[in-house]
């Protein structure tokens, strides 16, 4: 009569987000299978391009982007043993920070490669989704460059 | 929203978000829900101010102390105030309009929100005496919806002074 | 600057707490903190709390928790959707005005109802990062990798942090993890989220913490040995983990300098949910383990009620200063992924 | 006065609309903040700390959005605090930002409040159903309609009082370029026959759901002296909270609101609010709250607030103009609405309110409430230094 009750409770909504000009430009690029960055006030090419400069808070030019290569180098990685709902893969995979050639900062995404092959400094490239729609999932993941 | 066709620049995306939890109403409310499963309204009394709360949450919200003894309250009461609702919402299908009432069950010092039936929107009055209409016993669950609705009973209305405190 | 002190502190933390809701957890902790001061909710000049609705999956979860304080007659109160440590900063600011002398700070949170490492993904950029759902452990492991790749720090340094915190936890009744262990034993464990092992990551904890602050002479009336706040400051960095140096904590360095941290500290309580983060914080704070006892309570590696663990660091440091275990202490709290936002507080016993 | 003097140096807000499809969340708050800095003739580098407020994170589905917004609000390397007190949050955020300046710790503080409700659906976020609870309340209106009925019963107010408040606010909104609803053809008849959603509340007596942000720069005495722009001096601030469900609470004339007003007036040196305050921006999401709050704030005796509405006292040219900007009934980005009240009051005493400026307004009240009429945040601002 006194057992404390509990029950499953879930919260779900398909959020509809307006991207604004900068994120919109970056995602339009992904749809065309191109990766863009932007030069910030310190001269760094930042990928993905932030809407506002970290130092000055000024809006960065969404119409003056810098295209970077879809290939680059792993600057850090971690292994994801038990993937969770919504993550890029349902089987164990690696998260990676990748500095694409032409960029000064790293992009975060999944890396699909055998665990023993993965190391900081390894060369990887974007694996594009079969169908691109203007979403971060247009990059399916990174994969090793042979 | 997201421009799937190739021409226009992207202006929007859709990001579905789902989170799953294990929710517990806590000890005090669980006791109350066990009571409902047996067709009883088990309130709790505050040791400091002596008020009876139906349903009890964690402790007395006015005094910030744990509740003391349990107090069973009647399933008859006074309709303190109400809204006639013409807006339906996702997970509840009732024909509109319906009356959402705040009922002060006899013995409780707190109103409970419950559906009012058996009276039309233009006859319903603040102060009406009402009784709970329970679902059939075999449909009882750990939920306030065991009380399907309250309906008027043949008693004179409570006078305003007696329930205006609970507004 | 008006002198303000911690005059009372209480906490509760446990692994999964199925039998009580947040109000039922908070009520006894509030009583335990208020009773020694003789203050009631109505005596307090300003009350401020910290929590996050997303832990419970309920909008306005903090509204029902207000019941635990019994705000009747009505009280001067506010709430931050942040760790309770940032609520303490707000209370400390209010006490500088001079018209009130006491403040009540509380924090609560159950990390067990949801999958906390996944819930925290919602802190991330909602356009380009959140939709990939990177969990808090994976992001921390990226930071650990960056630190291990930089020269000077190896796996055994992480194991040393875990061994020290787990040994210190023996004296902490609210720890979820406590054992006498050593680096070799820990390094023999398998990798969990390479490069992190399971013990490099925090336990899932439910809990609440309460701190009572008082200003000037009022503090001396309310406590035998108040723990004076000599300095307190907090700073935030940009969030994207790919465009900041994860091996340093720039915001901790600024906050430490503003709070008056000068390398002298008898003890330090660092809010590092992951082992490698203690090393980053020690470097940013300019503290040396040979002269400063680090995480005598065991820290967040042994008990990590999210939204509460930062306030607990300040409480644990203050409690030890008041008990004479140290003249000067540094307490730190963090918020956001990979130490994105950090608060630093310097506490001292009466001269 | 508690602590050192503080003044509003500049204010900014976005054009409130059902959907802002042209900006990100960062873009929305940046827009309001940039306008406040321009109004104060200051730059991002002049800001020492940022205080941001908004209502539940479920509206936008971003947990603790101050973390993602650090660059958009120029906060990198600075303190950032996120206030959350339900519907009153825009007001309490303004008070917390003022505390930072009054404490002498920070000289110029940027405070921002926002909601981008079109990212989800306000009705969904406000009624997330928990297990074991009864799914009866249909949104905020369903919760407040019984309380409004209680007020009508207690005060015996004529039933068209609510219609007159809605008409007044919607006509005022025509003089406010930032207001969400611009309805030049609105009539009393149209309001009186709009759908009855939660009797006694009709559709035209309820607030819209908006995307919007508001911002202010609050500075210390030296910053105010150095400014060539008109400033609004803070004469007093107050916060009060009481429980949601409590035996003995008066949800029609809440104790916390009365106490909050009393503390505010004491700090601001006000003994006769009706005559010492020139105009007020108060939080009226459903029309009947205007007469109720006039009583709660001591502008009218208990049970008589509706007379001020009926006599036109709260019109733009009345004895006590209320919601000159069109109020919450005309724009309601929930997290920002409280701050919009506070900044509109400041603009009145700065003389920068534009078309809806009250002539010679020297002292104004900003008011916000939240939760089940249980959270209150208020300030009084004035043209003169306190």
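First chain written, first letter: the chains are A, B, C and D, and each begins at residue 1.
Just so we're on the same page, contacts are C-beta pairs under 8 Å (C-beta built on N, C-alpha and C of every residue); 3 or more make two chains touch, one makes a residue touch a chain.
Since the structure is predicted, the reported quantities are computational estimates derived from the model, not experimental observations.
The minimal number of chain-to-chain contact steps leading from subunit A to subunit C is 1. For the pair subunit A and subunit D, the distance between mean C-alpha positions equals 38 Å. The centroid of the Cα atoms in subunit A and the matching centroid in subunit B are 46 Å apart.
Distance between chain centres (mean CA atoms), subunit B to subunit C: 38 Å. Per-chain CA centroids place subunit B at a distance of 30 Å from subunit D.
Residue positions of subunit A with contacts to 2 or more other chains are 4-11, 13, 15-19, 23, 27, 50, 54, 85-86, 135. For subunit B, the set of residues that touch two or more other chains comprises 11-13, 15, 17, 19-27, 29, 33, 57, 61-62, 142. Looking at subunit D, residues 21-22, 24-25, 58, 60-61, 71, 76, 124-125, 128, 130-132, 243-244, 246, 248 sit in touch with two or more other chains. If each chain is drawn as a node and touching chains are joined, the picture has every node linked to every other.
Those residues of subunit B that touch subunit A in the complex are listed here as 1-4, 6, 9-27, 29-31, 33-34, 142.
Residue ranges on subunit C touching subunit B, taken from their complex, read 18-24, 26-27, 30, 41, 54, 56-57, 64, 66-72, 112-115, 118-119, 122, 126-127, 130-131. Those residues of subunit D that touch subunit B in the shared complex are 21-22, 61, 123-124, 127, 129-139, 141-142, 145-147, 149-150, 153-154, 195-199, 201, 243-248, 250-252. Residue ranges on subunit A touching subunit B, taken from their complex, read 1-19, 24-25, 27-28, 31, 85-86, 133-135. The residues of subunit A lying in touch with subunit D in their complex are 5, 7-9, 11, 13, 15-23, 50-59.
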